[in-house]
Each structure stands twice: as C-alpha cells, then as structure tokens.
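Here the chain labels run A, B and C in written order, and each chain numbers its own residues starting at 1.
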Amino acid sequence: MDIFIEGIKQAIQLLVELNREIFLIPWRSLLVSGPSVLISLLIGMPIGVIMGLAKFPGRKLLLSLIYTGMGFPPTVVGLFVALLLWRSGPLGYLSLLYSPTAMIIAQVIIATPIVAGLILAAMQQLDPKLQLQALSLGANKLQLLWTLIKEARITSLAAIMAAFGGIISEVGSAMIVGGNIKGKTRILTTAIVLFTRMGKFEKAIAVSIILLFLSFLANFALTYIQQRERIYWKH
Amino acid sequence: MRKIISILIVSMLLIIYVIGCATTSKIEEKEIILSTTTSTYDSGLLDKLIPAFEKKYNISVTPIAVGTGEALRMGERGEVDVVLVHARSAEDKFVEEGFGVNRKDVMHNDFVIIGPEEDPANINDLKKVVDVFKTISENEILFASRGDDSGTHKKEKKIWEEAGVEPKGDWHIEVGQGMANTIMVANEKNAYTLTDRGTYLSQQDNIQLVILFEGDPLLLNPYGIIAVNPDKHPKANYEGAMKFIEFITSKEGQGIIKNFGIEKYGQPLFFPDVIK
Amino acid sequence: METLVKVENLIHKYDDKIVLDIEEFELNRGEVLALVGSNGAGKSTFLRILNLLEKPSRGTVKIFGVFPTNNKQKHILRRRMAMVFQEPLLFKSTVYNNVSYGLKMRKKNKDFIKNKVLETLEKFGISHLINRQAGTLSGGEAQRVSLARALVLEPEILLLDEPFAALDQPTREELRDDLYKIIRKENQTTLHVTHDRNEALVISDNVAVINEGEILQRGRTESVFNRPINEFVANFLGVETILYGKITSKRNGLCIVSINNQKLEVVSDLGEGEKVIACIRPENVTLLKYSLKAPLTSARNSFISTIKDISSYGLVYRVAMDCGFNLTSFITRESLDRLNLKIGEKIISSIKATSIHLLSRK
C-alpha cells in the first residue's frame, strides 16, 4: 500500500512541478493520435454514411469486414504494419518504421473501422425519409452527406470519441511500430510500460494520471454536448 | 430454520477449506518466484535451468521477466523470493540496504558492439571500447540505446562516463524497449548498438548488423543472484530461494550454463563463474 | 396552358408486385390538384417518382418537358420543385436554419436568404419562432416550418404528401386555410396527396382518384364528386346512399328507376332497361315535417321515411332513414331543432331528380 500512496504523492509532485519530460509525453501522444483521428474520420465517415444509406453489391461482405475491423487487436495491426514497413518489407524504401508516421498509419487502421462502424449505425438510426426531404429541398449528394452527418452528430461525436479513446490508450501497435524512442515515438502508453519496467512507479503513475485525465476530458466533453442536445430533443 | 442451519454449515466448511488451503501452501512452500531481466529470460537459459531444479527439489519456479530496475524493486517490496540480475553496483546497493542477502556470482556473458557492415564510424580497428564510444559521439553516428535503465543500459551509461562523453543529440536514440527490439530499431535505422552476445546471436538471422567490436574487459557482464531478506519480508520463501541459489552455483547448474547455446550457435552464451 | 408534369405508361413494381400503373397523368401550371386515395393506394410512391426521388420500373416521367436520364439532370429538375411530407422532418437546428436550408443548398447570397426567410416566416405567421430549436416546436408549428421551408424556394411545383394528416382537427383546418390562402394568392402549382376527401373538396380545383396504383378518375373537383365514374369512386368520395336498381321506363330524359318497391325519378343519359347504381349525396336530401301537408316542391322524389339514427358529423348532423331503402341526409343543427327530429318518428325526405347520379352497372 505504501508504494501506491508514495507513488501517487511523487506523481502529483512531478505534475505540480510541470516536469518537462512528463509533459512532453502527452503532447507527443496528441501529435500522433490527433492526426490519426482526423484521417480516420476523413476515411471512415464517408464509408460509414454510404454503407449506412446505400445498397450495393458486396455491401454485406464490406459490412462484416468493418465489424471485424472494429474488434481488430491493435497489436496484430501493429505487427502487420511493421512487416510492411520493415526495410526488407514491401514498403521498406519509405523508411517509416519507428517514426510517428508509422504510428499514425497503424492508428488509422485501428480507428477507421471504429469510425465507419459507429457512423454506419448512426445513419441507420436516422429516419430514412430525412434523406428524401434533404434531396427534395435541393441538396446535392455531397450536401446530403453533410446534412445527414450533422443530423447524426451526437452519435457521430460518440464515434469520434470512441476512436480517440481507442487509440490514445492503445499500446500494442504503438510499441511495435513506434519503438518507444525517447523524444520521438515515446507516447503515454509506451512510457507507462517503460517506467513500470524500470521500476520508476512514480513516473508511471504520473503519466497514467495524465492519460486518465485526457480520457476523462474527452468523455466529459461528449457527455456535456449530449446532455445539452437532449434538452432540445426529448424524443 | 433448517435452511439457515444448512447454509451456516456450508459456509463454515467453505471457510475451513479456504483457510486450510492457505495454511498448507504456507507450510509446504513449494513455489518460489524469481524476478529476472528480459535478456536472461529471452536467451532461453532459464528454460534449461528451471526444469532441472524443479525435478531435483520438487519446488516450482515462476520466473518474472522485467527490466533490471523493476526486478530489484520487486525484490525490495518482497513480491519475489529471489533475484537474478546483471547490474553489479545496483546489486550491491540492494544488499547494502538490507533488501537482499547471500549475493553470489553466477556467470557472466559479454557485450559486443554491432553496427552496419560498412562500419561508417570505422571502429573495427580500435582497441578500447571507450575509444569506440568517443568516435561514435564525435562523428554523431546513429547509436541505439536501450534507454530503459536495464543492466545493459547501465553498462552503456558506464562506458559513456568512462569515455567522458554525455550522449545527447539526435544521433543517440533512446528506444525504451527490450534488447531484441532495440536491435530491430538499430537495424532499421542503420545504427550502432551495444548488446549482449546472446541476444545478438538469437537475432542475427533477422538483421543485417554485424559485430564490429568485442573483447574489451569493460564489456564483461557479470550476473549475480540474491535471495530476498527474510527479516524484511517474512512472507518470502527464503528456504526455496536458498535452494535455488545453491543449485545454480552447484556443479550441475554451472554445467548447464557452460553448455547452453553451443548446440544452437556453435558457441556458449554464458561463462560460469563458480567452476571454470 | 403549360404542362409541367407529364407521365406516360408508368409502371412501378416492388418485388414483382405492381404498385403503380398510370397510363397518363398531367399537371398544368397554376393547377391545384388533389390526389385522393386510401392508404396504400400508391399516392406517396407516385409523389416520390414525380419528385425524381425514386426511379419508376417503366414509363416516362417528363418534368418541365424534360425526361431526365442522369443524376445531374434529376438534381437540376428537383431544384425547381419542393416536397413536404406528412411528418415535418425538421433538421436538428433552429427554425431559421431549417427554413433557409434549401436556399443555402442553392448557394444564394446571405442577404437574399435572410430577407426571403423572414418574409416567408411572416406569411406563415411564425416569425416569433425564428430562433427556436426545431425539437421544441408543437406539431402544428413544426409543420408550418416544414411548409415554409418548401415554399421559401418558390418551387414551380409544390408536392404535398398528406401534410396535415398528423395534426388534430382545429390545427389542421387553421393551417390548411393559411396554406391555401398563400397557394391561391401566389398561383402556386400544387399536387396535394390526401386520403381525406373533404380536404380534397375544400382545397382543389381538380381531383384525381387513385386506387391500387391506378388513377380511376380525374376532373374538376365538383364534377368528380357529383359524377363519380364508378362505384368505387362514389363510395370513396363519400356518396352515402348507393342503391342498386333498373331503369324501368324513360320519357323526356327522365328515367324511372325502380329500387326495391320504390320508384326514383332521375335525369340521366342512360337508356331504358339498364341496370344502374343510383348515387345520392346526403347533402342533396331535403327533409320536411311529416305533419305538414306536403308542400309543392320541384323535387320529383318524396318519400315517407322513418328516422333510424341521428348522429353528429362535425358541423352537420347525419340522419339515417328507412324509406323502403336506406337513405342518409345531412342537415344543420338549426334544422334539427326546428324540425324536432327524433329517432323512430316519421318524416318526408325529398330528392331532386337532377341531384341523383346514375352509374351504369355492367
């Protein structure tokens, strides 16, 4: 028990002192996970919307692929990305392995099915007539997509948060393709693993607190917006 | 009423059973927990040592592979019964502070410096490891460091210290992972790195890096084994720990160490320190 | 007269089941057409096809003279129409954002949009709702917003898919009156789908009756109501008394139709000996007090009847009688009091020979 209390005490001290090493880690986490979420939104959203609304051959297959992708173990994704990026691998000439870019690639692969799957579900909850109404009022295809995403914004927001939460707290692929290199690819989760291995529990706890705080912040923002919207949309 | 009585009886029996289990395991002490470093664990040596010990003493061993820092911290907290690490000064401190007793030398292996075959830093002809490190830092040649406070990392830091260099800059990559992963990173980045021979041998088929420097006495890596002090942690299985230490320093244990790796790599990975 | 919509040989199927089979249909500029039919008659599907939201299985649909073949063309044509659904289908935003939606999609400039929206909100009497969130509106308010959202676009064709069906009676009538004031004032070409024949009667110039995917009759509203083409139309349009009989004799254009043991005198083109259905609309049946000596009336048909039932029917009362056949009449509250009608009492009912409509029974 002492180690726990002592660890927390020292962790808080590190946080209060604004320890530079500790605070650069979440910043790098955001530098990786931020673009990852953005890119997976750009890819996943249109896929989700189209899959949720349109009928086309091969839809069922694609649907099962997305659902499988949603539950894909990040470590496996990391492994495959690493195999591709190894110098001896097919994309080796890019020399991307052990760089933030490699981590972003892996995280996009992890997050895109989550975004697509949740947006898809959100679209299917919308009144199908809403689509007709928007078209009838003169929306073109692109405007229609945007309108529907806006209509499903609460669930879409949940998709964004789920994707963000998934990748910010993910360690498997980050470790494999990032390499946990200090000052470059060392992010919150890999730092926690390292500090724990080194027996530097106070640092591990301090970083964990930041990670928890970030997750909390994301979920708090989501809940806040959801509650505010609920006032207007009782039904 | 009868229902309540039967429930009571059943719960009594359950409680007796649970207490019984707890006490019997306490008395028999058939298990020890060993904290060791990932490099030792990854070498596969323990897979040879532990079964032989278990067979002889009928005590099961649970090895936990972590970094040297954590391995010692686990010993400090009494989470484990015996510690097998390779970081001499940290080991001495551990014993001095009373966390461990009966430290014994077990064996040693050696470190080598590996790097790209073309050897851009030209270290091949150098005689002393400190010169190698100086050359690397002066020319800012990429060097992958474990950066995890492990035994290997401590050794690296010691060499930097003796070379009078503070490794700082983009050329010094702190990986923060185990030895095998660090070698992988070095391989991808065409960097030099300091590794124990065993891990290098086990990885050599996957990589293009080759041994460029070896043999300096500073690169020897002695392993020590320490029992957790039973005065500090009465729950620790001291007897089991002592039996394990006894075995590993015995003729039989040392023999296993001496022959380990010859079959696979054509050369031993570890050199026993008790018998020669 | 400019034809805005022209449909020819339209067949539409859902899984091999024919849901629409329309040989010919036209909508002209300035026309207010009510398309009436019961639920499942294919009305809404037809509207979606006209709005180019659904592609018919076969046939041509020309909008503004164009038979669109690609999505781009459809999109352009669609922007000249607007459709309002039964549910308001408002977007989760303010009233202003809802009403301005179509104009924004058309990339109109900001000031233009603002003026246009304010003007339209004013027309619908909902200026005060401008900043309200759509989700907080009552059903009637929401449907007003939905209508404003369509009309702000000044569509050349307004398609209404039962826009009042989900509203309660007073709200419905108020909104209907307000909407049609605007439609009439602006000479708005409108196709209004409804299952409510009374609504159709009140709002439209012309009416088309649709059943099981086929348009059975299309014409001026009063002529369709008064001269239904067949029994189904008659029934559907609310001709309450439908009697089966035979023309037994004919002179000077006046047919004598015998029904049970009674005789009806009817003006009709049909010839002697034909089997017919006689349609009598309740509002065309006049009631006279039995105790009075029968006064002179131009009505050729007077029957002594027994009152079976009196029930309230909105503003009028419906009186069901037996005069050898069943007959219904609509009278006002005033007449009901003055005549002092009671169930079981006798009364004289009379019908003009010209207000009975004969359908040939083939």
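As a convention for this text, contacts are C-beta pairs under 8 Å (C-beta built on N, C-alpha and C of every residue); 3 or more make two chains touch, one makes a residue touch a chain.
Model, not experiment: these values are computed from the prediction.
What's the fewest number of moves from chain B to chain C, given that each move must go to a chain touching the current one?
Tracing touching chains, the least step count from chain B to chain C comes to 2.
Would you mind checking which chain's mean C-alpha position lies nearest the centre of all protein C-alpha atoms?
Answer for the innermost chain: A.
Once you find the CA centre of chain B and the CA centre of chain C, what distance in Å lies between them?
Here the centre of chain C sits 89 Å away from the centre of chain B.
Whole-Å distance, chain A centre to chain C centre, using C-alpha means?
It comes to 55 Å between the two C-alpha centres.
Please report how many Å separate the Cα centroid of chain A from that of chain B, as a whole number.
Chain centroid spacing, chain A to chain B, equals 36 Å.
Among the residues of chain A, which are close enough to touch at least two other chains?
If we look for residues of chain A contacting two or more partner chains, we find none.
Where on chain C does chain A make contact in their complex?
Chain C reaches chain A through residues 48, 51, 53, 71, 75, 78-79, 81-83, 85, 87, 89, 91-93, 101-102, 105-106, 133-136, 149-150, 153, 159.
Please give the residue numbers of chain A that touch chain C in the complex, ascending.
127, 129-130, 132-141, 143, 147, 150-151, 153, 229, 232-235
Can you list the residues on chain B that touch chain A in the complex?
Going through chain B, the ones touching chain A are 66-67, 69-74, 77, 147-150, 173-177, 181, 184-185, 187-189.
Of all residues in chain A, which touch chain B in the complex?
Touch residues, chain A against chain B: 3, 86-87, 95, 97-98, 175, 179-184, 186, 190-191, 194, 196-201.
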